[in-house]
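So, here's a batch of structures to check.
Heads up, the next two complexes both have chain A, just with different partners, chain B and then chain C.
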Partner chain A sequence: MPPGFRLFDRVIVVVQFLLPILGLLLFWELAVRTGLAQASILPAPSTILARAVELLGLTGERAVLFGHIGASLKRALLAFALAVAVGVPLGFLLGLSREAQLWVSPILSLMLPLPAVAWTPILLVVFGPGDLTIVIVCFLGAVFPVLYSTMQGVRACGTQPVWVVRSMGGSRLDVLRRVLIPASLPALITGFKLGMAHSWRTLVAAEMLAALSSGLGYMIFSARSYMDVSTMFVGVVCLAAIGMAIEHLLFGTLERATIHRWYVRDAGTGGRQ
Partner chain B sequence: MSNVENILAHPVRETVVPAPRPKITAEGAGVRFGSVTAVEDFTTTIREREFVSIIGPSGCGKSTMLYAIAGFLKTTSGVLKVDGEPIVKPGPNRGIVFQEFVLFPWRTVLRNITLGPEIAGLPRAEAEERARKWIRLTGLGGFEDAYPATLSGGMKQRVAIARALTCEPDILLLDEPFGALDVQTKNYVMKDLQDLWIAASKTILMVTHSVQEATLMADRVLILGARPSRIVADVKIDLPHPRDPADPRLGQYRQEVTAILSAEVDRSMKIERSR
Partner chain C sequence: MRLVKDGLRQTRRVLGGLALAGLAAAAPAAAETLAVGVQQVPPDEVYIARDWGEPYGLEVEATQFSSGGDMLKAFLAGRVMVANGGSGRLVTLAAQQPETFYIIGTQQSGGDRYSLVVRKDSEAGGIADLKGKKLGVVTGTGTYGTFLVYLQEQGLSEADFQIVNMKIDDLRAAVEQQLVDAAVMWEPFVAIAEEMGNVKRLVSMKGVNESPNFLLANRAFTDENPETIVKFLASSIDAADFIEADPAEAGQLAADQIAKGGVEVPAKALETAFTRISVKREVTDDMVSELVPVAEAMQAAGKIGEVPDFGSFVRRDLYEQALDLAGSTTN
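Right, the complex of A and B next:
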């Protein structure tokens, strides 16, 4: 396929993706303008956009939005990185050792259904409000999906691929490096996606409860005191847009570079060949 | 395959060498999983460059024995030796090919095949050099950069065979290598494997449940009985290679093996029903 054609295809895909969103925005705008919705509760997209322009400092006001976005991103990404650093090695250990799994999995099944935000008040007592508390809460939200996906990925690998490498005289390290890690990569990426999404979701609640002066969650929550609905909506839109951008740009790129090249999706069965 | 025909034009051996050295020896070898005995009292000698097939009713533990020889499973009784040394773990002198190919989807065809030399610590260029020989002989030329997901079953099995042979093992262990292939593909890969065996002079041990495959390819067919299984017959197929599937003498061997096997299957069914 010529590269120009490919570019055209991608443009079509992007337009197709944006069209329903634009449709929704148009409907929303019209609903507010015709008085179908109350503007003081549901401001029109144009009002939100104007507020966003102000918050970005484009009209001469203080550019606070970047500061909030930066603070939120820093916390969520740090928590996610910690979740990967803890969840992946632990997932490998639990996936490989029956013994470890027997001891740890009851504790995990107890922790898993617990919403991470529930820890916030306790952490507030221990560490007080601030970045530390928020990062710990986000970490607790992100670590379990990463851990579970890793564990499942390692277990799904099966014995025969390991045997193939062992029959070539491969060491334990060879097995880990050449079989277990690449074989569990699709599951790892799923875990990363879920982990980051959980980190990002937990962040807002944690920031509402524990942030001192920055973060999107803080921005939304503090706007409540002035009944500043437009600012709240700017925050909500930022959360959605950034969450989507992380999912598509970061993990989408990772997937295209790895598993999409390795596995051809069988259109008939939907499974991997 | 024309590329294999070149080698066939210069065969390494015309006739079977009278008494080659024993390669694999099993004396009363058995494998038990907890209270279940998979195989017991497995006694046989497989000589160098011999093609031996193990056949038996399903669930008779024939793959178990193959895995024990590969070093993946431990024997719980008796002795199992390769080159006079007891088998303690897997090693590059024994290559394995599985029914389900077990290729690494994240590696291209070439990288799948160079895996053995890579693990052995060979430089990339040398590893590729070795791989190219088997890529050529298995008819995989032109597919080096393809990912396994894009290949057909027959091609995948060729990659698995080439991957095992690139490690230059003395022994090739085949675990129902044609089980996942359709009949047409199977006939092709079977023919190629025979030619490769003649060209490469390896000892081959193949597990199968197909009488046709076993009699067509093997020098000897070991028939395993129902659980707990042991060798019930050791049939020597005294015909030169490569064999013609339409050879009437082959038909007689097929009948002989089928008769013994059917009796075993009947017996195992009776045991199962009486439980």
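Right, the complex of A and C next:
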């Protein structure tokens, strides 16, 4: 397909994606303007946008919103990185070793049903309010999806490909590099997506309880404390937009660079090379 | 006996005042540090907006907590040396961990900061007109306790209304949307709601009781560093004097402080709130005696064993020294 057509297709996809969102915003705006919804309870999108512009410092005021977004992103990404650092190796270990699974599974089964936010009051007493408590809570939210997806990915791989590589003289590292990691990659990326989404969702609740002076959760909570409805909605919209951006830009790019490229190619050639 | 006690107290005040005035004069050279817990309430916003400890050589490390409960947890864990709490929490603390704290002052008080609000177009002229109607309240709070006393004074009771328990931030919207006919709210929520234009204040609880939020200090820290606590109290008295003298400027200062976090509150609403909130720091006998019925109710409910002797927790001597220190520094 010529590049011009490909670009046109891409634009169509983006427009199709944005159209329902724009429709919803238009309906919302009209509902407020016609008095169907009260502006003091549900501000119009245009009011929220105007407030966001103020908070971004575009009208000459202090750019507080960037500070809150930065603080939240830093905490969520740090928690996610820690979850990957712990969850992936542990997932591989549990996926490969039945003995390790026997020992660790009961503890995981005990921890899994606990909502990460439930740890906040305990962590507040131990570490006090601040970044450490928030990052630990977000880590607890993110680590289990990463861990379980990795485990599932490794288990789904089966033993035959491993035997093939081993019988051809491949080392354990070869098995890991050429069989386990590529085979479990789709599950891994799904785990990353879920882990980041959980980290991001948990962040809001954790920041409401434990943030001292920054973060989107803190901003929403403060705005609620003083009935500043527009700022509350700015915070909520930011959370949704950033969450969506992370999923589409970060993980979408990662998927395109790995799974889509490799598996589409594999489909054409009959296997990975 | 009483005269001797008064005489001793007076002497202690004078000596303490002189010693602390000397300290204050030499203070800026070596700043002491004090970890203080504050909340997202207008008087605390004014306190953290300025360096009120500076004239006393006191560096206040204020930590803003999302709730009174979290602040008290931090206080009990020794993370902050000064915190504040309402009567319910204070009674529990006094009954269960009496060795942990002193009452050194009040953070805010006064029945006028509690109001019954209705929609602006409501035809209700008083509480009696709301009999049988839905009232939005936040149960278990000092505000609700005060409202119950008010009802008693009016010859009414909870049973005369349909009580709906809600969150404070949802009450204004509930009144506007006519989900409830009226709501019992506290400042600054009342003033902000009035400023937004859709509700009006029907009844003020002024004079019903004081319902103070007490300033609490870590007992061990206070015993070791009484002068630090006195300096903090003096700085707190200065902030209170500022609020009382100029509510408009205090409202603007608090609004600017809140705006630093990206939140917009009308300064006018905060000014109104400051005219209704009493920020006098002195703990009066009436305030202490208000704790007794709360404790008796909690005892009857099996929440505490005995009714504590609340007077034994109050350190009026520290307040008096702080008053002298604040006066001497101003003069």
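Side notes on the structure shown:
The rule is simple: the second predicted complex is superposed on the first by the 263 of 273 C-alpha atoms of A that agree within 3 Å, B and C clash if a C-alpha of one lies under 4 Å from a C-alpha of the other, contacts with A are read in each partner's own complex, and residues count from 1 in each chain.
We adopt the following convention: a residue touches a chain if its C-beta (ideal position, glycine included) is under 8 Å from a C-beta of that chain, and two chains touch if they have at least 3 such contacts.
Remember, it's a predicted structure, so these values are computed and weren't measured experimentally.
Clash-free side-by-side placement of chain B and chain C is the outcome of superposition onto chain A. Legend: residue contacts after superposition of the two complexes on their common chain; A:G128 is shown touching chain C, with no touch to chain B.
Rounded to the nearest 10, the angle at the Cα centre of chain A between chain B and chain C in the chain-A superposition is 150°. By the touch criterion defined above, A:D174 lies against chain B but remains apart from chain C after alignment on the C-alpha atoms of chain A.
Look at A:L185: by the touch rule set out above, it reaches chain B but stays clear of chain C.
For chain A, the partner touching the most residues, choosing from chain B and chain C, is C.
In the superposition on chain A, A:L55 makes contact with chain C only, while chain B stays out of contact range.
Of the two partner chains, neither chain B nor chain C is touched by A:S109. Closest C-alpha contact of chain B with chain C, superposed model: 48 Å. Under the contact criterion defined above, no residue of chain A touches both chain B in one complex and chain C in the other. Within the complex formed with chain A, the chain B residues making contact are 67, 70-72, 89-92, 94-96, 98, 100, 102, 104-106, 115-116, 119-120, 147, 149-150, 163, 167.
Here chain A touches chain B in the complex through residues 159-161, 163-170, 174, 178-179, 182-183, 185, 258, 261-264, 272-273, going by the rule given at the top.
Here chain A touches chain C in the complex through residues 38, 40-41, 51, 55, 62, 64-65, 68, 121, 124-125, 128-129, 208-214, 218-219, 221-228, 230-231, going by the rule given at the top. Residues 40, 63-66, 70, 73-74, 77, 79, 169, 172-173, 176-177, 188-189, 192-193, 196-198, 258, 260-265 of chain C are the ones touching chain A in the complex.
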